[in-house]
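What follows is chain A paired twice: with chain B in the first complex and chain C in the second.
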Partner chain A sequence: MGWRLIRIYTILVYMFMFLPIAVVVLLSFNANQFGSFPMTGLSTHWFEVLWENDAIMRAFRTSIVLGLMTAVISTVLGVLASLALVRYKVPGRNLITTMLIAPILVPEVVLAVALLLFLNFLDIGKSFTLLLLGHVIFTLPFVILVVQARLVSIKRDVEEAALSLGASPRQTFFAITLPLLMPAVAAGGLFAFTISFDDITGTLFWKPGGIETVPTQIFSMLRNSISPEINALGTVMIVLTVGLPLIGAAIARTLATRSGG
Partner chain B sequence: MSIEQREARQPWILLTPALTAIVLLLIVPLMFIIVYSFWLKSAAGADTPGFFLDNWQEALTDPFYRDILLNTLKIAAVTTVACALLGYPAAYFIARSKGNRLVLLVLLMLPFWISYIIRTMSWINILGVSGALNSAMIWIGVIDEPIQMLYNETTVILGLVHFLLPFMVLNIFVSLEGIDTNLEDAANSLGATRWQGFLQVTLPLSLPGLAAGGLLCFVLAAGTYITPVILGGPRDAMFANLVYEAIIRQLNWPLGSALSLMLLVVLGVLVLIYNRYLGMAQLAKGLG
Partner chain C sequence: MSAVSLSNIVKRFGDYTAVHQMSLDIEEGSFVTLLGPSGCGKTTTLRMIAGLLDPSEGEIAIKGKRVNDVPIHKRNLGLVFQNYALFPHKTVADNVAFGLNYRNVGKEEARRKVAEALELVQLPDLGARYPKELSGGQQQRIALARAIVIEPDVLLLDEPLSALDANLREDMRVELKRIQQSIGVTTVFVTHDQTEALAMSDQIIVMSEGRVEQIGAPEEVYNTPATEFVAQFLGASNLLSAKCTAVEGGEIELDLPSFPRIVIPGERAPGVAGTGPVRLVIRAEKLHLHPAGSTAEGMLNVDAIVENVDYQGQSARYFLRVGDHQMQAINMIEDHPFAAGAKVALRFRAKDCAALPVETNP
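Right after this comes the complex of A and B.
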């Protein structure tokens, strides 16, 4: 009896999490000219409107470029740091770990203010550079946590075997370690990209006038009222941020089975 | 250089880029705003460097700031409790279910991949004047005119719970997952009812996960800027909104620095207390 109750409770909790999102997707296909209930039919009209909206398309390009650059920088920094923490005995590792995940512990507004004021002091005002640096520091801890979790599962034996068979450390790294690292690198990069793509609080503090990312664009559109266009944009973003990683994971799995891993 | 020395140097070479970034982009900027909070805003031109207590006096004694800080902490507390009440049974179900466990876990991860602002604004579709709930109630005939359910403190809390619940469930799940189910069976075989077994064995053992989830929910809720703007009314500003007002709208950077530091100190004390008793490892486990 108790178990059934918990099951129903859990189903309700999941409905609470997903129903509003499902409604966004549903309404984006709404034929009703105001984009609200009652739905009068299905149409892709709002996606066409979206496609022709230059401001949104510009925001998309900005978000993608920013996300990719953030992902590359954060992943390089994060993978190197994780290698050090997982593979070596580092004195003071607790302090170092706390420092590296500190950006998560500091409220994002405070981080945003501190970075804005300090870099402005150094004559780097609101700009794409500030935005990029902010996104890097904000995503770095997440990359480190994800990559560390993956690294722990990679055994050192293979590397030691290569070394004992006469490979140089450099050869070992490129022939053995790096390929084994790739899933961790990919996971870290994907995570950084998604967080950067989704970030809004810091971005509002750092972005120069005239530059919008997708979230800040939605934010400024919401000031007026909710339009069906925003629902369509929401649907596109859900497909991008949920669909792409799932496809990526599927491809990675296929490749892994093909190479006999 | 000997091999040992090289071995000892290598981790530091690997750590240098990340640590440099953290120091230059987080730690030094935080120290910089401590200094900046003692400067004075000038009517025109650059702010005046110096050691003035004016901003701190304003931030700490003005009842306007104090009330909003207290209200922010109250909203964060209510949100955290709501997340725990909603999240614990769900986490327990996922941890103890056999068949659909993987599906439930993947679904639990999904919200992390869906844009925060989309999830927040999705409630406008549900509760707005022309939203699903109003339309349904008019259709059934409960009401004739749509009612405005949005833009109050309750909807701000609703939006925060919706955003933070996955963090809570995940953290509780991680700690429940680490508990040997034999312990509960042992309690039962020794005569405890299932409920007693849960209360006296499982629940205490899962408290670290509950605490980690609670800390995350509280800190993220108390620092939130977007949710009150989208789902709250004009009088539902939270502390982060004050910071935004001071920094971006009024360009009063010294006062904005002081306000930011106030928020940091209040939440930092919580993190330190947590770290003292439970350590950061639990938090890292839940996030990884």
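Right after this comes the complex of A and C.
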């Protein structure tokens, strides 16, 4: 009896969480000209409209470029920072770690305003670079957390063995440490990309005029009217932000099994 | 010219001194063991030879060349770890070939050398496997193959057998010694296991608290311990307070309560200079238990009481009381072990005893 109640309750919670998403996906295939029920037939019409909407496609390209650049920069910085913090005796290691992780803990709005004020103070205007910088700041902690955890599990012995066999420290990093770190690097990069791709709060504050990412574009479109193409866009976003990490996790798992965890 | 020579090596970690003023010459082609309990500085010493740690003071030379400022990857050493440290993302063949990539070795030659090394460790068919598909013993053989394929000047082994289970450990011990002899590489072996040290080494360096206690061949270290620490660390020994009453004609006369007068050969007490208090060392397996009342010619006879018996199958360890002395004896069991509480006759030969000067520092 108790178990049955819990089961029903669980199902209800899941419905509450996922029904809206399901509705968006469902409605994106609606032939109706309004973005709401009733369904009048299945059609990919709204995806075509979306494809032809220059503003959205431009925002889409911006988001992809921004996401990729964020992912690359965050991953490189994250790997370097983790290496320094795990492998070397850095004075104030705990403090640095906390500082690097802090952007997760600080409310995003605060972080957004702070960075903006700081740059105003330095008399630097808003730009794409600033937007990129902001995204790097709050995706970096995720990369560091994932990469550090993995790095701790890579035994120092293995690197020492490579050194003893004649590989220089740099050669050891590229031949041994990095390949063993790869699942975490891939996962960290994917995290960074999806978080950047998804972000709206910071982006609203930091983006220069004339540049829109997908989330800010949707946001501004919603202010005018609820167009069914937003449903289609939502579906595309869901596929990207849910699908990519899943693919990433699958890749990471295959890599991990191959390299013995 | 010695293969490895340490002169006045000191290693400090902050205020803690891990190795005190250590000097050591390791002969070309020999198998030398650093033996001691954990924290005695043996691994620290090995890591300094490897170049993984820098000595705070002193000089390290390999083949007559000072290497203090030579980084590990330019020292041409073979290093084998307790936990194998194979590269998990590379096949066995690629693991073994790894060191050859950084040397001027052609592809064909590298393949030949890898095959030879795998042959030497008796695992010629595993080249295509990944390390996690191998057993612990196999992994350690591969680690050994990887270390010797580069023809190192010195092979450094850091407790390579400790992670293996008991049976395998003995096999690997024999195997390791065979491989070392067949290629004749100078080897420095670190262990806390006296059996390994005694069985494999040409020379044993017994260490304690960052200091060398004794350097010598296995028999020498075992039979004539230079310090109380060595006497107690190697095998089970009885250490009794005695008085040296005479030193004459290359013989030393010892006196202690409840025992007859013991006269031991001078070479069993190299540290004893004159009369006065000394420590008598007698190994537990040199004390033979016999039924009470029996005596034997040419042996020293003492009455003892068995206080406790530690039954070990083929042998037994007896905890004995002789007068006021607590002693241990390890004997093979003929029929039945002596029972606790039994009165026994204890026999031993004077020449199996050794004497040490009494150490002033604790």
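To be clear about the criterion, the second predicted complex is superposed on the first by the 238 of 261 C-alpha atoms of A that agree within 3 Å, B and C clash if a C-alpha of one lies under 4 Å from a C-alpha of the other, contacts with A are read in each partner's own complex, and residues count from 1 in each chain.
Everything that follows uses one rule, which is that a contact is a pair of C-beta atoms (placed from the backbone, for glycine too) under 8 Å apart; a residue touches a chain by one contact, two chains touch by 3 or more.
Just so you know, these numbers come straight off a predicted model, no measurement behind them.
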Margin query: If you tally the residues of chain A touched by each partner, is the higher count for chain B or for chain C?
Written below: B
Next item on the list: Check whether A:P107 is in contact with chain B, with chain C, with both or with neither, and answer first, second, both or neither.
Entry: first
Note to self: According to the stated criteria, A:G125 is in contact with first (chain B), second (chain C), both, or neither; which is it?
What the structure shows: neither
Next item on the list: Give one of first, second, both or neither to describe whether A:V23 is in contact with chain B, with chain C, with both, or with none.
Entry: first
Check: Touching A:G248 in the superposition: chain B (first), chain C (second), both, neither?
Finding: neither
Notebook entry, point to check: Touching A:D157 in the superposition: chain B (first), chain C (second), both, neither?
Noted result: second
Next item on the list: In the overlay, answer first, second, both or neither for which of chain B and chain C A:P208 touches.
Entry: neither
Notebook entry, point to check: For A:L165, is the partner it touches chain B (first), chain C (second), both, or none of the two (neither)?
Noted result: second
Checklist line | Doubly contacted residues of chain A, that is, touched by chain B and again by chain C | finding: none
Notebook entry, point to check: Which chain A residues qualify as touching chain B in the complex?
Noted result: 2, 6-7, 9-10, 13-14, 16-21, 23-24, 27, 34, 36-38, 76-78, 80-81, 83-85, 87-88, 90, 94, 96-111, 113-119, 121, 133-134, 136-137, 140, 142, 144-146, 148-149, 194, 197-198, 200-201, 204-205, 214-215, 218-219, 222, 226, 230-231, 234, 237-238, 241-242, 245
Notebook entry, point to check: Taking the complex as given, what residues does chain A use to touch chain C?
Noted result: 155, 157-158, 160-169, 171-172, 175-176, 179-180, 258-261
Next item on the list: Please name which positions on chain C make contact with chain A in the complex.
Entry: 50, 52, 71-79, 81, 83, 85-89, 98-99, 101-103, 130-132, 143, 146-147, 150, 156
Check: What part of chain B is in contact with chain A in the complex they form?
Finding: 7, 10-12, 14-15, 17-19, 21-22, 25-30, 32-33, 36, 86-87, 89-90, 92-94, 104, 107, 110-119, 121-126, 128, 130-132, 134-136, 139, 162, 165-166, 169, 194-195, 219, 222-226, 229-230, 240, 243-244, 247-248, 253, 256-257, 260-261, 263-264, 267-268, 271, 275, 280, 284, 287-288
